[in-house]
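The following pair of complexes shares a single chain, chain A, combined with chain B in the former and chain C in the latter.
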Partner chain A sequence: MELVCPAGSLPALEAAIDNGADAVYIGFRDETNARHFGGLNFDERRAQQALAKIRARGRRLFVAINTYARPDRFSRWQSAVDRAVDLGADAVILADIGLMDYAAERYPDLALHLSVQASATSAAALSFYRRNFGIRRAVLPRVLSLKQVQQLARTSPVELEVFGFGSLCIMAEGRCHLSSYVTGESPNMNGVCSPAKAVEWQPTPAGLDARLNGVLIDRFGAGENAGYPTLCKGRFVADDRTGHALEEPVSLNSMALLPALCAAGIKAIKIEGRQRSPSYVAQVVRTWREAIDRLARGGEFHIDPRWADTLSRNSEGKQTTLGAYERPWQ
Partner chain B sequence: MRMHSNVLRTGFRLGVTVAKRLPSRPLELAAVTMLNRQLAEELIAGEFDFLDGRQLDIAVTDLGLQLRIGKRAASLVALPRAKPECRADATIAACAADFLAIVSGREDPDTLFFQRRLTISGDTELGLTAKNRLDAIDRGRIPPALQRAIRAMAESLAPRVA
Partner chain C sequence: MRLSLGPNQFYWRRTDINLFYEQMLETPLDVIYLGEVVCGKRDELRAADWIELACALADNSDKQVVLSTLALLESGADFSWVRKVCDNGRLLVEANDMAAVELLAEAGLPFTCGPAINLYNHRAVAQLMTMGMQRWTAPVEMSGHQLGEVLTRLTHKPEVEVLAHGLLPLAYSARCFTARHLGLSKDNCGRRCIEFASGIPLTSQEDQSLFVMNGIQTLSGEPVNLLRQMDSLRTTGVDLLRLSPQVHDMRAVIDAFDRARNGDTDLTLLLLGVDGYWRGQCGFDLIASG
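Presenting the complex of A and B:
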């Protein structure tokens, strides 16, 4: 299985390579990717440095152009595809169907990966993308249960990549505009969920208040862990109860499913976190490398307590769960 | 090894006690000089232009140190505080051990943030951009002796896992 790792900066990319990533995915410094935060991502010079490091170590570089192009600025998204091709990236990760058409027509040899944001969950959908745009791989949304992933893997016309670890959101991938209701910007259209300019952390006598465009979305008591300030993870009063009405701040960790995913023929495991530091990338990638290598050696697979400890220390929200992979309501 | 680590811990505590009593201005100037040397390439490339006309406080909570950073031309400057109540545009605060853990690559800033050990107040975008830019620094350019010292110090101060 291929280990696909995030990098928001050159040192993070080096950390990924040094700790055993088979492939690294990056984004350009604009709204064409879903981690469009200040100080993050790669301009042309940094992208070239990234590619040189990738080639020197025989790994692969993917470029995420995974937001939906705005109709009045389509050329910006086209230009991102052009830049990825000029760079010599091994694949681009796309969600927008119009952009996919552009990439497939203009660069027939370019490897296209269907982004998780495209939210394709059936063999029929994957076949459509394969037939029309020649996609080689699809990243599966985290809304599927393990059983559904296994079923899909049996009939999929393309390679499948699934999420192994990282912050979880409400899992309406590619269709979530919650952030827009409060800030006017959303991950799929603007590359940012809860843009930093709308976020305010206010220490108050009652705790730490998280405000999004002035709207109170959470209050953390002393000693209580905080999470990313997203609307879906906020606490609200609903039915006279205050709590997480939509989603809790938790991270996905599907390591326990690794043998099942491998047996199902899943081709790649993706680690989330282009917004995180090189330290996170190093720790998480090293852990997953060891796990995948242990699985490849055969014999009984069990999770080393050190791995569990490292992953839980680096996760958003203390507790890590299997996310939707184990939701009984599926 | 254990003794070495204890010596470092004691030395650090002593440093904390002494640093609190020192006049802060020379420390601030030294810190900014070091930053300018480390970040010369990024500063010239315009990667810190987001600081133009802005004020960012780095607050080392247990030392009572507050470094106010601004930018003039292609250099960072340590801004004097006219009045204590005059606030910077954004403040990043943590204790000295946690800042060392971040610089040494031992801890992820978001992890520390989740655990409430690192705070960003004021203009979140300014604080977040600064955090991301600092993450992107090539640590290989820090002189090896200093790298080793930072790493040893960060390790000796890290909470012991039972």
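Presenting the complex of A and C:
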């Protein structure tokens, strides 16, 4: 299985390579990718440095161009595909069929990966992208159970990549407008979710309030660990009960399913987190490298307590979940 | 402009569903979309029942009747449901997922695309038109300006539809929030969403209306209402206004939009709801009274 790792900066990319990434995915420094955060991502010069480092170590570089192109700035997304090709990237990760049409027509040999943002969950949907644009791989949304992933792997017309570790989107990716409803900016159009510029921290006599564009997302007591106010992880009120009505602050960790995913024929494991630090990338990638290597050696697969500890320390709210892979979560 | 009734997002009892659509036949609606779009476990009406109901509606009126498909497919059963709807052999189908697009395009059938399909630019729209898309409902977060930017770049335009009234479908998840709220697992949900004909409102701890939980779907807390935007909808090139089914006052909403398309402003409903998305702002921005 290929270990596909995130990098939002050169140091993070080096950390990924040094710790065993088979492939690294990056984005350009604009709204053409779904992690369009300040200070993150690669301009032309950095992208070239990234590629040089990748080639020197015999790894692969993917470029995520996975937001939906605006009609009035379509050329910007087109140019992102051109730049990825000029750079010599091994694949581009796309979600927008307008852009896929451009890429397939202009660069018939370019490897296209279907982004998780395209939210394809069935063999028929995958076949749509395969038939029309020749995609070679698809990243599956974090909405399927293990059994459903296994079933899909049996009939998929393209190779599949699934999420191994990182932030947990509880909504089907590419089909969530919560962020634009409250802040005006969304993953699909702007490459951001619950954007930092809309966040406001307000100390109160009781503790700390976290707001997003003025909306109270969570209220933390003194001493309580105050997490980032992502909309779907806020504490809201339904029927007079206050709580995490949608989801708690928690990270996805599917390491326990590694043998089953491998047996199902899943070709790649994706680590989320282009917004994370080089140190985070180093620890998480090293842990997954060890796990995948252990699995490849054969014999019984056990999760080393050190791995579990490292992943838990690097999780939101220090908690991990199998997410939708496991039916009870759903 | 034509008026359409979007597919019902909620789970109602069979008798209520039948009664609701019977009443809809007596309204000035031009198009009726129907079918399960949220959850494949809902079984008051299964695929065959929806097709039968849709055919009956088509037989008894001159309205265009369209069958809508599920937005998020997870299981093989979900896929079979979508296949049955696509294979209905008579009525136009609204695809809400690329799986449905694939089935319809492969069969050489014309189709419409619902708002859950991500078409954000002219090239994407043109692509689907070559595959048979005749009508396009814009994503709910797209502004009037952006929609105009798409349309001016198209040589051949599809019919254009916009969700003009009702709660906005904002997100779909593997998780059932209604079951979670009731302390049940999704596998043992008992289809209890039938008890919430308008979903479960979710507010901030300051009592600000935010969202509505509807099974695996999250809707906006407030209804979109574009009554005030009739001129801008018309000049942008919108052909159909979609009104989303609601358990109360559906007739009043339809009548208000019917009067509005004939140039008569309905003051009762005019300022109730949100229209931020259409104006290029946050979706939850209220209709300005100025």
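Definition applied: the second predicted complex is superposed on the first by the 327 of 330 C-alpha atoms of A that agree within 3 Å, B and C clash if a C-alpha of one lies under 4 Å from a C-alpha of the other, contacts with A are read in each partner's own complex, and residues count from 1 in each chain.
Quick note on the criterion: contacts are C-beta pairs under 8 Å (C-beta built on N, C-alpha and C of every residue); 3 or more make two chains touch, one makes a residue touch a chain.
Keep in mind that what you see is a predicted model, and the values were worked out from it rather than measured.
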| item | value |
| --- | --- |
| Which superposed partner A:L295 touches (first chain B, second chain C, both, neither) | neither |
| Which of chain B and chain C A:A308 touches, first, second, both or neither | neither |
| Touch count on chain A, higher of chain B and chain C | C |
| Which superposed partner A:A256 touches (first chain B, second chain C, both, neither) | neither |
| First (chain B), second (chain C), both or neither touched by A:G38 | first |
| First, second, both or neither for A:T242, with chain B first and chain C second | second |
| First, second, both or neither for A:S9, with chain B first and chain C second | first |
| Shared chain A contacts, counted only where both chain B and chain C touch the same residue | none |
| For the chain A and chain C complex, residues of the former touching the latter | 68-72, 74, 95-99, 101-102, 118-122, 124-125, 127-129, 131-132, 142-145, 148, 151, 170-172, 174-178, 180-184, 186, 188-189, 213, 215-217, 219, 232, 234-239, 242, 245-247, 323-324, 327-330 |
| Residues of chain B touching chain A in the complex | 45, 47, 50, 102, 105-111, 113-116, 119-121, 123-133, 135-139, 161 |
| Partner chain B, residues of chain A touching it in the complex | 8-12, 37-40, 45, 195-197, 199-203, 208, 220, 223-227, 249, 275-280, 282-283, 309, 313-314, 316-317 |
| Residues on chain C engaged by chain A in the complex (per definition of touch) | 71-76, 78-79, 97-103, 105, 116, 118-128, 131, 139-141, 146, 149-150, 153, 168, 170-177, 180-181, 185-187, 200-208, 210-211, 213, 218, 220, 276-277, 281-284 |
